[in-house]
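Look for chain A in each of the two complexes below; its partner is chain B in the first and chain C in the second.
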Partner chain A sequence: MEKKLGVYICKGCNIADTVEIEKLQEVATKEKQIPVCKTHDALCGTEGLELIKNDISGEGVNTVVVAACSPRVKFREFSFPGNLVERINLREFVAWSQEPKTEDTQALAEDYMRMGIVKAQKGDFPEPFMLEETDKSVLVVGGGITGLTSALGVADAGYKAIVVEKSPELGGWAAKMYKQLPQSYPFESLEEPTVKSVAERVISHDNIKVYTSSEVEKIVGFPGQYDVAIKTAGGTEQEKAGSIIMAAGWRPYDAGKLEHLGYGKNPNVITNVQMEEMASSGKITRPSDGKEAKRVAFIQCAGSRDANHLPYCSSFCCLTSLKQAAYVREKNPDAIAYVLYKDIRTPGQYELFYQSMQNDPGVMLTKGEVTGVSEASGGDLLVNVKDTLLGEDVSIEADLVVLATGMVPNTKIEQDVLAEWKKKFDEQLTASGGKPDPNAALEPHKVPNILKLDYKQGPELPGLDEAYGFADSNYICFQYETLRTGIYAAGSVRQPMNMLQSIEDALGASMKAIQCIEATANGYAVHPRAWDQTYPEVNLNKCTSCKRCTEECPFGAIEEDEKGTPFHKMTRCRRCGTCLGSCPERVINFKDFSIDMISSMFKTMDVPDEGLRLLGLVCENDAYPALDAAAMKRQKLPSAIRFVSVRCLGTLNLAWIADALSRGIDGMILLGCKFGENYQCHFVKGSELAQERLGKLQETLGRLMLEPERVELVQLSISDYDKLPEILNEYVEKLDGFEPNPFKEF
Partner chain B sequence: MAEATIVKPDLDFVKGVIAAGGESLKKCYQCATCSVVCNVTPDQNPFPRKEMIWAQWGLKDKFKGNPDVWLCQQCNDCTAYCPRGAKPAEVLGAIRKQTIQQYSAPAFLAGLVNNKTFMPVLFLIPAIILLITGGFSIPEGDIVFSNFFPIHTIQFVFTPALLFGLAVGVMGVMKFWKDMKQAAGVTSGDLKGSIIATAKDVISHGKFKDCGVSKDRFLSHFLVFYSFVALAIATGFGVLYIDIFHVMSPFSLFGKGWIVKLFGLAGAAGLLLGVSLMVMNRFKNAAKVGIGSYFDWLLITIIAVVMASGILAYLTRLAGIAGLAYPIYFIHLVFVFSLFVYLPYSKLAHLFYRGTAMCFAKYSGRDKTIDN
Partner chain C sequence: MSELETNILVVGGGISGLTAATEAAEAGYNIALLEKTPFLGGRVSRMNKYFPKLCPPACGLEINYRRIKFSSRVTFHTMAEIQDISGQPGSYEVTVRLNPRYVNDKCTGCNACTEVCPVEVLNDMNFGLDKRKAAYISSEQSFPQQYVIDDNACRKGDCSKCSDACKYDAIQLDMKPETMKIKTGSIVLATGWNPYDASKIDNLGFGTSPDIITNVMMERIASQNGPTGGKITRLSDGKEAKRVAFVQCAGSRDENHLAFCSAVCCMASLKQATYVREQYPDSKVYMFYIDIRTPGTAYERFLNKIKDDENVSLIKGKVAKVSEDPATKDIIVEAEDILAGGKVKVNIDLCVLATGMAPTVGEVKLPADVKINENGFMVPGKDQKGIYAVGCVKNPSDVAKSVQEATGAALKAIQTVGRKS
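Right after this comes the complex of A and B.
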């Protein structure tokens, strides 16, 4: 479609007090030859918007350049469906953060005008990626309380759900309970388990198909079109799904490793899972002689929050022990239940349950460290505890000791299984003529386990080391999202959690699964760029099959054909642009975001012979809002830096730096997210990838006689806005110390 | 861990403390705010935090020979600041009641005194004793109480009652002292100095000024305490006049034995004021610290009835209303008898145990007010 630009400059919010509007207009009309350029005192008001709308309908303007406030605000006002909109941030980046009416400020604003106009010129109308057909069913892997609740969430919203459960019965751990924790206010008394009625609803629901005694055999495809092979008792069944909820649940930590607490040595030391079975079957007794257990000691954090076992808190064990203490007290009013804890952790409203159990005269609680469990005469056990609240080290006589063991997610591959797979993997490699690398560790997600995805990047969800094998990806911003688009993890496979939390989680995941299906059906990206209809377009003619994009794509969206040429499975893509940054041949581009577009923006800047000219490449997710926040607080930002927003620092293509520096721009600062697994990056490790790419650049810069320090990457949190002026001023000061870029003269 | 103590919780003790007014006992989560705000606890091993968990766990033995529960003067600062509503002051009160039962023999009598259900029995017993010993017919003519209940009968009945109360108390205190020495591992100390320092504390009521929330208690307790002292003096002079000088009651301010009347009236007035203040304070602070337990109110009731019946008997006698004066006087006798005989079992036992604990704290060096 032929583009016709209209440029609209707002004079409100201090903009006209800071810069000369006429000169900005001249940039548009004289320099860039834009025929339509108008100003208004308050562009976001009815009258200003009317002005733009009239030009759209009357003048044929279809590309609207709004030079006003930050694109992060007033996006509803400046939305003109069917037209391209480009926002130039004159308010935050100029009016609110620069000295008014100085030469430098005027130059900055004019550069922003040039860059914005060029960006609008280079952009194109999106043409959404549409699948021929989108399957609107959701595959739910796991039939425990989370899976069942998810399936109901999906089904009640009018979509089809397919539940695959490994065991013959639905209900998972929740079905094995004697009683369950209260699920509503006042959170005081135990309830009869409700999971059976949930399972019954699932079985009788018209929109839900249930496979028990079944496992996923293979999943081929992508969001919108998954082909699922299900191995059942009677053979393999085929199903189709548009998205997937993984609710594969957990297994208890292996108490066999807790010999120091007496497990395996004395039959009267049992786990919380065994306690649940015992309570269900009737009396609470000593396994050794069947006598009634009148003194029951619960040892909390048995193998949890312990570097030698599970380093994390499973968050449910304290509640379970308190619940089981209630069993002990309910079955015999003269019995005593001891709960020995490192810290009592009963998340959320369950504080009320803790309080009600604490109030029971026969429940004795103390903080302390259990140093061991020994045997006393008459079959009694002695639990030795130090650093107790009783003010001394004590030994507690008990008939029965219950170890409150934690959760291990079913996604966690144990070391021995991993080693076995590594062996098999190496044997295959040797057989096929390759040479195994003795140092190469096999990543856990390469071992088929639950989903068995037919993805080049491996059959399972890649986890984070810091998530201890849980299927968690970015717990700061996006729960449920995994590193595989369209696959949502919920319940205790995602994070340790109790039943109530699992139910909430399940509903959240079912909503995400539906959103994914609808977004895919309508050609939109999924979270976090849910408005985005563009997608990476690859000029395969120039692709050298270097596979860098396949390696770097955080979401496993790029596969390779037989010849090794990469191609996108587009509905798996989240449009972060990491592939665009990775490509040395610069063949990957978006309609509204391309290597040429950003380079052209750099090239249109006015670079005078005298004076610093710097670029700031800014992550749109965290660094850009931080800049806006600094401006809103009226912090002064250096006028030498022109900020350019990118989808993620992972989009950094080295061509941009070469283009900028060869234009005579003195340096470039990259503002991105913090590194590391506990990351904030929406796209996993964009700024880390950028840093890696910079490593390759340093040498080139040295050869050009340019100091490598001219390009600097800063790790920033969204809340670091108050530190920005200092960071930026220091950078400018550093660049002041260098000679001007020698390429200015060319 | 060889030296670790084997804990032996006693569930009945926990239930006992809860029943004795420590309903909030189990709420404590050991944050120690109570020990921090307490102005009277020693710095080392402060109370009432540790007492709270001992009681929660039913570690009855820990309270054997524990002076700390008696060093608390129930000012309720801890209760006012407790973030969990665990009311340590009330719990300590309940524990004190439990220890009274432990030390004041026979235990069944202690149980009787502190059980709400048996309250009528409590006053029926002295009533019957008095009925048996006194015989009962309302005398004709001028109202003279000694015609109704002869002075010597009173001496015959009340002296043993008082001696009984004192003896039980002293015996309990001796056992308590021994246990305290054993628990603290203290073998020697400055006993005389400790007694003198304790007496000074009691006479000056100085410790009351350390408290925050219930500051007003100083005046009420001071009044009640010294009113009883005045009444004791009056009684002493009474005995002197009647038995030695053979001056028979009633006494008059303007005749022989005026000193008996003077102390008697002063004591009555002081009690009236003091008891009224006590009741008012309790209601005033109820929202912050609770209204108190049966244990507290039993003692307040006995004292209040002793005071009211004493004053009313006096007034109705002066007014010449024999039909009222004699019955009221009878009630007066019943409650005074109760005061004496239940002395070591009711809250009044704090006379013994608190005094002894204060003394022991000084003796053992836990309270640093005297140099050992």
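Right after this comes the complex of A and C.
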């Protein structure tokens, strides 16, 4: 579609008090030759909007440049469906943060006009990426309580689900329970396990297909079109799915490592899992002689919250032991249950269950550190405890000791397995002529385990370094975020959880799985750019197959063909633009965001022979709102910096810096999110990659004989707006110390 | 009376409601989101940082606001209160009262009304720790960026300074409450929580000294847009608060107050301990607890990090008394130290009561078959359909858990409405 621009300048909110509007108009009409350019006292009012709408219908304007307030406000007013809209932030970036009516302020506003107009000229209408066909089934890996609940969640919403369970029966750990914790108020009495009826519903549901004694053999494809090979007892079956829920569950921590607590040494020391089996099969007895166990000691945190074992809290064990203490009391009213704990953790209304157990005189709860379990005469066990509330060391005699062992996610790859795979990978590398690095560890997601994805970036979900093998989200506010689009982890494979929490978690994952299918089918991105219909378009003719994009894409969205040429699996893409930033050939671009667009914005700036001219490249989600907030507080910001917002700092292409500085622009400050541990970048590594790319700046700027310090990256939170004036002024001061950019004269 | 037809109605614009609304909308459903106060964001918009990442809530809120801004599927109404809910799953009719904002959507956010407003009142955003004008916006990052005139504080008939100053005809002091009828297939309740009223806990001294505060007040004090500009100081004399004590389970796990565990206070206090320790390297923090509850991976790691700080003392013991020393104006915390045995007494500058969560869903006019238990939480009926509870409506929840449940509630809601494509 041919574009016709209309430029509309608002005079309200101090804009006309700060700058000469006529001169801004001249930038549009004379310099940029835009025939339609109008001003209004309050563009966002009914009359102002009419002005624009009339030009759209009467003048054929289809690209509206609004020079008024921040694009973050008046978004509904300045929305003209079917037309491109470009917002120039004259209010926050000029009127509210600059000295009124100075030459510098005027120059700043005029540059923003030029840049905004060029941006609008370079942008294009989005054409959504559409798959020819989207499969609307959800693959659920794991048939425990989480997987079953997820499958029902999907199926009850009208979508098909395919459940793949390794064992012959559905139900997982929950099916092995004697009883389950209360799931509703008043949280007092144990319930009969419900997992069986859940499994029955799954089996009889028209929308659900179940594979037991089966494993995923391979998953090929991308959201909307996954081809799933399932290894069953009878051979390999093929299924199609649009998205995936990974509910692969957990395994108990290996009690064999808890010899100091008597496990493996004395048959009367068992785990909480064994306790469930024992209670299900009848009486609670001593395995050594089958005698009824009248004194049962529960040792909490057996291998959890322990630097030598699992450093984390497994979350379910306190409640499970309290539940099992109730078994002991129910099976034999004369029996006594001791629970030895570090902290009793029964958050929320589960506190009520804890209270009901405290009220039972046959349940003794004692805080203390268990130092060991020894044998007394007659087959009795002695549990030795120090640091008790009484301040003394005590020994508790017991017939049976139950170790409340914790939870290891099935995504966790043990060290020996990892080492074996590392050897295999190194051999492959050597065979293909590469040199393995003996010190480099193999990332766990490179080992095929649960999903066996056919992704160049590895067969499994990459985890967080800090999550001990759990497939957890990095984000507090976005719990179902993973680094593989369309694949959502749920239940105890995501975080240590009890059953009730797993059920709730399962439903959320179902929601995300359905959402991904619908977004994909309609040509939209998924979180965090759920509204976005643009996508990276690659000019493969100029691609040199350097593979940087493949390596840097945080979401594994880029594959390579036999010749090594990268290509996007588009529905895996989150539209962050990291690939755009990584590409030295500048061949990756979006319709509304391209290398040429940003470069052209830099090039259209007026760079006089004297006076600093600086650029600020800012993350649109965090740094940009921080700038707006600073302006809202009427903080003064340096007039030398022109801010340009980007999808993420990961889009930083070194070509931009070369283009800007070779035009005489003195420097560039990059404002992006915190990286490293607890990173805040919504695209995982955007700001970190930008920092890495700056490492290569020496090379770029060396050629231009410029100091690399002219370009600086600052990690900034959205709430750091009070710090902005200082950060920016310091940067300007630093740049003042350099000689003017010699390219100004060219 | 205006009318609106939508697939799903979400009540409450905090993190739970925002999440439920956007998650369902992005699967193709139309959502109406109601918020009682003038701004979205709820409790989290008043927090300084989230635990355990110590990241700013505004970051995720910004994303969620963008999800709303760019979505044609979400309509939101602030200052909205439920009057009545009738009907059944699939077809509810909800009557909503829209309280007057006195500022219409012509407002540009220029601040002229605030500048001229002659009335100053205690700032509820900051729990009354400072003042604001009657014409105001709650913060620089409030959403929507539309001012509001405080109905209780404005002089109305006597004064028209704000409407005179407004160049955009945005102020309408004669605005009346309106009624809106919403037809919807399903309802998600995400009305959140209130901090438990600390003045009900006699022995902890709240109200006897300005230096005995609650954990939600501490969040505001630590926030750079809070009453002290982020400086952790004594409210009595403005001196740096370098000796700070946290009293856990202030009203929680206590049959006289809240019988349940509020589930967030341990992590909240540990987080707030880092605020103090980061601001003053020579500070000293005490935390009195019954059990430290930091379940899972990241919370336990956070606890361990703080345990490594020798200037943070974690003391197991119930606090007997918090009071002000009349002579020195120090705050004195007296407690038993269960592990060491005996009593402890510490003199400090600032005492933070880790007050719990009082559910608010009881304040909503709900159909008779929706049950509220003695603790004030909604009882999710096993087969109940159509109306779903999220986060602190159902159980005390932190942000992560609320987000998780809100996503699940969005699923329940779309199940009720039925598949669309």
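We adopt the following convention: the second predicted complex is superposed on the first by the 697 of 746 C-alpha atoms of A that agree within 3 Å, B and C clash if a C-alpha of one lies under 4 Å from a C-alpha of the other, contacts with A are read in each partner's own complex, and residues count from 1 in each chain.
FYI, a residue touches a chain if its C-beta (ideal position, glycine included) is under 8 Å from a C-beta of that chain, and two chains touch if they have at least 3 such contacts.
Because the structure is a prediction, the values reported are computed rather than measured.
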- Item | Overlay on chain A: chain C relative to chain B, clash or fit | clash
- Greater chain A contact set [chain C / chain B]: C
- Task: Name the contact category of A:394: first (chain B only), second (chain C only), both, or neither.
- Result: first
- Message: Let me test your reading of the model: by the given contact rule, A:348 touches which partner, first (chain B), second (chain C), both or neither?
- Response: second
- Query: After superposition on the shared chain, which partner residues are touched by A:305: those of chain B (first), chain C (second), both, or neither?
  - Reply: second
- chain C stretch colliding with chain B in the overlay (listed: 222-230, 240-248, 312-320 or 348-356) is 312-320
- chain A residues touched by both chain B and chain C? 355, 367, 389, 391
- Message: Taking the touch rule as given, give the residues of chain A at its contact with chain C in the complex, in rising order.
- Response: 12-14, 41-42, 44-45, 69, 72-76, 153, 156-159, 184-186, 305, 311-313, 315, 343-352, 355, 367, 387, 389, 391, 466-468, 470, 472, 475-480, 495-496, 501, 504-512, 514-515, 518-519, 521-522, 524, 526-528, 530-531, 621-622, 625, 628-630, 632-633, 673-674, 678, 680, 682, 717-722
- Query: Where on chain B does chain A make contact in their complex?
  - Reply: 1, 3-9, 11, 14-15, 18, 26-27, 29-30, 45, 50, 53-54, 56-59
- Item | chain C - residues contacting chain A, complex | 15, 19, 22-24, 26-28, 50, 53-64, 66-67, 69-71, 106, 108-111, 140-141, 145, 167-169, 223-225, 229-230, 253, 259-263, 291-301, 304, 316, 338-341, 373, 375, 377, 379-380, 382, 395-397, 399-401, 403-412, 414-415, 418-419, 421
- Message: List the residues on chain A that touch chain B in their complex, please.
- Response: 334, 336, 355, 358-367, 371-372, 382, 384-386, 389-397
